[in-house]
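Structures given as structure tokens follow.
Two complexes, one shared chain (subunit A), two partners (subunit B, subunit C).
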Partner chain A sequence: MKTGFSVFIAVFVAMAFSWSGFVLGPVRQLGTEGQTNILNSSDIYPNQRPGAATLGLQVYRSYGCAQCHTMQVGQEGVVCDVVLTAAGNKPAAVSNLIATLQLTGLTKEQADAVSGQITAAGGKTETHIVPTGADISRGWGMRHSVAEDFLWDNPVQLGSVRVGPDLSNVGMRYDVNWELMHLYSPVSEVKSSTMPPFHFLFIKERIDGTPSPEALPLQGDLAPPAGYEIVPTEDAKNLVAYLLSLRVNVPLYDAPFTTLAPATEKKK
Partner chain B sequence: MSNDSKDSMQSTTESKTPTVPIWIFCLLLLLLYVCGTYFDRNSGWFDDQVYAPFQNSDEVAAYQPVSGAAATKLEGQKVYSSICAACHGDSGQGKPGQAPPLAGSEWVNAADFKEAGEVPQLGLNGEVHVAGQDWNSQMAPMGAALSDSDLAAVLTYIRGSWGNKGADVSAADIKAMRTAIAGHPAINGETGLKAIK
Partner chain C sequence: MNQNEKDYSAIDASCRVPLLPLLGGAALWLVVGLLLAIVASLNFHNPEMFANCPYLTYGRVQPAANDVILYGFAIPAALGVILWIFARLSETELALPIVPIAAANIWHLGVFIGLIGILVGDTTGFQWLEFPRPAAILIFVAFLLIAISAFATFGGRRERALQPAHWFLLAGLFWFPWIYSTANLFLIAWPVRGVAQAVVDWWYVNNLLFVWFGLVGLGVAFYLISKIAARPVQAVNYALFGFWTFILFAPWCGIPQGAPVPAWLPAASTVASVLVVIPLLALVKVFAQTVSGVNVQCKGGPYCYAKFGTVMFIVSTLMVISLGCPHFGRTAGETWYVPALQYLQIFGFLAIVVCGGIYELLSPIMGFELPFAKFVRFQHWFFMIGVAFLVVPLAIGGFEEGLKMKDPNVPFGDIRRATLPYLQVSTAGLLALLLGSLMLAANIFSMIIRWKLGLVKTVLTAVQAPLETQEVKS
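Take a look at the complex of A and B:
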């Protein structure tokens, strides 16, 4: 074993090197992340998820949702749009000037130059910061995901395969009834869905007197036999609470964008 | 050279000491270059505030959306809570016997910001009548060291919060006022405040 010591050193160096890269580096970089201010506001982000949603994360984890769903929005670029907010005293001059300028998809330098020109002509402008990228044009999010978004999630369910859509903002897209129906029978909500139905998250119950307010409004082939109803289990309710708490809709310093209007919910 | 040394050289060649081929060096250098470029494009040099597509912290700072009024108000709130709030209260309600209220104060809500701007720059000692009450306390020139834009932001914040209805104050206004009142001693009560031109 003349080489024993050098083998030990070599193995140690290799392990230490990868440990530094995969553990020490990320912890030094992101280990101190905490709550932060929403841009141009004194509100704090992110807030602790509601209790049911925290339990729902464990349901999400236990059924392996992250095998098919990611929770990370990518962003490929950022552009500036110059928007005229007031035409000033010489509207004709300003509108003639604007007709000759490109106002959207600019870099910051170009946007500053353009707004300088318009301001010189008497108009007032605002520069909107607009993230771009495939995920964002699909409507999966407004900006890239950052470490703060996952502050309260343990373990973080980033996922890496997109058999289904990204869920970073699923709470902004649907409401509780849609989510429950979709879990019970995905195809009835999204025709082309390949998601398996999660019937085991629901119970078939005999209706005892008055029907439960939580019973799913099932029709046609899906409807249970007369006198029975389908109600969600605690797991299903917690999972839906978690899904509805997924909304990454605020600008942060490390993920800047201009909020044009309050985020609206798309309801079915 | 003697025969001995020639023999030993030959034997070294024959024993075939393993050598690293040159192409591995080239490959490693190439890999190093690619990794370096990748880090440069994507890591922001390990800054936790920099994510792709931003390449460094300057770029992140450049692309912050600055919405005029909201940004000023936020800045003003920051200055207020770090300097003014200790005496005048978090919501401008003042402190009995120590500092008069700013919420609903006739000096703060005046049409121009003359008094509201002078007091933090020069300080105020002595009697002053605020919101139906007489006050007799001392205020140091807390705002003298603030930058024009910070003082303008905090005045805009005070004049626009807690039900106050004063107009906004710009940094240029403050700059003009600074030159006008430069060298003025601390204000002596309400009479002194009204006396400043």
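Take a look at the complex of A and C:
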């Protein structure tokens, strides 16, 4: 290359190529995405998070929670489980047959064959789709995360390092009281935790007449001096509302699984 | 060589005033950034330390440290070295010298605003792009100003032929405004919807830490090596081929395997990271042929800096390629392996090459010797030790963490406990880097002070000179 202009052309070509691939392409594909239906249901997914949770997302951003927590559940694959739903009129034969068969961890073809055998013996079966993977075994989600899960969030903070556990599904695992206690003193809830305590998300107040119903049930070293109580600030309450709104628990077309009860996504 | 030094003295002197604010501020930000990184890493020794201080909580200090080191030190210091290299290669004095002075002040103001913004919680929430909007605008404007001065110098060059260093550095000057404006417009000004935000951020981070660093770091390293060895870069055709293939393939890396995005995105990254082997081989050949058979006694000087940095570029590129492999990427892609790679790119490669450039240019542009010449060698050692203690434990710890994550029978608490010692060791790496950065700051600031005192002295002697008697006589 002999001139600055030829370097510019080279850069322009290479850059335009990558820019259309990784900026324009995803923006056109994902940026126009809308809500979808939950699998086998007329319910719409995802719904806008409740107001407090939307505010809580900004608290999550402000304190840099995504430095340590990801929101990307991984999945290695799916297996099929065959479940007997009715024994029919020859229960003994069906139960003898079942004793000889493997019913869990099958491929689609194996599951079809097994349920064919059971149906022939007079029983009735259902085939369940079960996602597999370490994250799913740990209870970090019922399926892998997909683009739809983040449709309404701004900013989207997927995180990159798992210093702490994945939070995609944290709303299914804990309740408000646990979350508040854990924010105030992580080691009181999880012994091995390296999460810093967030005392500044709480205020120490003099108990004025009756104790506040929101006061943390602190004991031992953590307990405030007599006559005082520790109550969460608005930020803490919003953050917890956001954490509780994190649920990866509905089957979608591109991430199917079988729910035992009909999908129970809270609508608000 | 002596003849060369003479020829360049006016050119070097023309860089003195424009570069000092840029490089002085950068050296200061490196110290500040490493101090912040040490504060962040204290969290792994005692998580309760900053329980009552929202400004120093890990989630704020860690990105603040990253961004201050990246935007406060790495980029402006690299730009300063680029300006000097352009003046030297063009055999002309630095054009528009007032522009980089203004730009340096705007730039450092931007970094200051950004740092305060992150600490008070005004972060954007996007990795490596945490600075809030006002800071980003200032940094963008300052970059354009410096680039204008660099292009003006390039345009007025007396030596028309382009060298390999020219391609890489010019490409770097075009590259940054494009990626930085795209990221800021698509993520902060008019945020795109949903997970496309994460894709744009990954694209930006890869383009900055891999492609831009590669272009600028290799450009500076090639220039330093060929200058000190007093012979041009060898295998120029391979260099051209490596340059082209690098800018074609490298920008497609960086989407994590297993990200919750359409599958073609990580797949494209996998293909790209395999293809990156091609430019890597070409550039390794250029590097090996250029340094082989050269008899340079570098003794921990800038030549060593450039060589070590280039080797670290090769290592870090291998790590990028490893993350592109689907299986390995899914294992190590959400662990400390990724920060280990990023620290290697910043401290092991770009910072060390740029520091080599700074040491090569300081004494010529100031017109006197380095006040602490031994620090050059010490800093090289401290940086090598620091990089080793920072990157190796994190990479090993991260990989181990990834393997255990794959096994659902290992409780997460055990994984966290097993990773902790690696994180604690990495604090030692940061301390070594801090010592090295203090040496850089000591050299730059004592030179600035000496030069300013010299100016004051000149003014004083001019004022005190017995002019009146002479005037009366004539």
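Basically, the second predicted complex is superposed on the first by the 257 of 268 C-alpha atoms of A that agree within 3 Å, B and C clash if a C-alpha of one lies under 4 Å from a C-alpha of the other, contacts with A are read in each partner's own complex, and residues count from 1 in each chain.
The rule is simple: a residue touches a chain if its C-beta (ideal position, glycine included) is under 8 Å from a C-beta of that chain, and two chains touch if they have at least 3 such contacts.
The shown structure was predicted, so the numbers you read here are calculated from the model rather than taken from an experiment.
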| item | value |
| --- | --- |
| Partner chain in contact with A:108 - subunit B first, subunit C second, else both or neither | first |
| Which superposed partner A:96 touches (first subunit B, second subunit C, both, neither) | neither |
| Partner chain in contact with A:177 - subunit B first, subunit C second, else both or neither | neither |
| Most subunit A residues touched (candidates subunit B, subunit C) | C |
| First, second, both or neither for A:21, with subunit B first and subunit C second | second |
| Touching partner for A:198 - first (subunit B), second (subunit C), both, neither | second |
| First, second, both or neither for A:64, with subunit B first and subunit C second | second |
| First, second, both or neither for A:257, with subunit B first and subunit C second | first |
| A:233 touches, of subunit B and subunit C: first, second, both or neither? | neither |
| Partner chain(s) touched by A:48 [first = subunit B, second = subunit C, both, neither] | neither |
| Shared subunit A contacts, counted only where both subunit B and subunit C touch the same residue | 29-30, 32-33, 144, 146-147 |
| Complex interface listing, subunit B residues touching subunit A | 46-54, 60, 62-68, 70-71, 74, 77 |
| In the complex, subunit A residues that touch subunit B | 25, 28-30, 32-33, 39-42, 75-78, 80, 108, 126-129, 133, 144, 146-147, 251, 253-259 |
| Residue ranges of subunit A touching subunit C (in the complex, touch as defined) | 1-4, 7-8, 10-12, 14-15, 17-19, 21-23, 26-27, 29-33, 61-68, 70, 72-74, 134-135, 137-138, 144-165, 186-187, 190-200 |
| Contact set on subunit C toward subunit A in their complex | 43-44, 47-54, 57-60, 62-63, 121-127, 151, 154-155, 161-162, 166-167, 170-171, 174-175, 178, 182, 186-187, 191-200, 202-203, 207, 240, 243-244, 247-248, 251-252, 255-256, 258-262, 265, 268, 330, 334-336, 338-339, 401, 405-408, 412-414, 416-417, 420 |
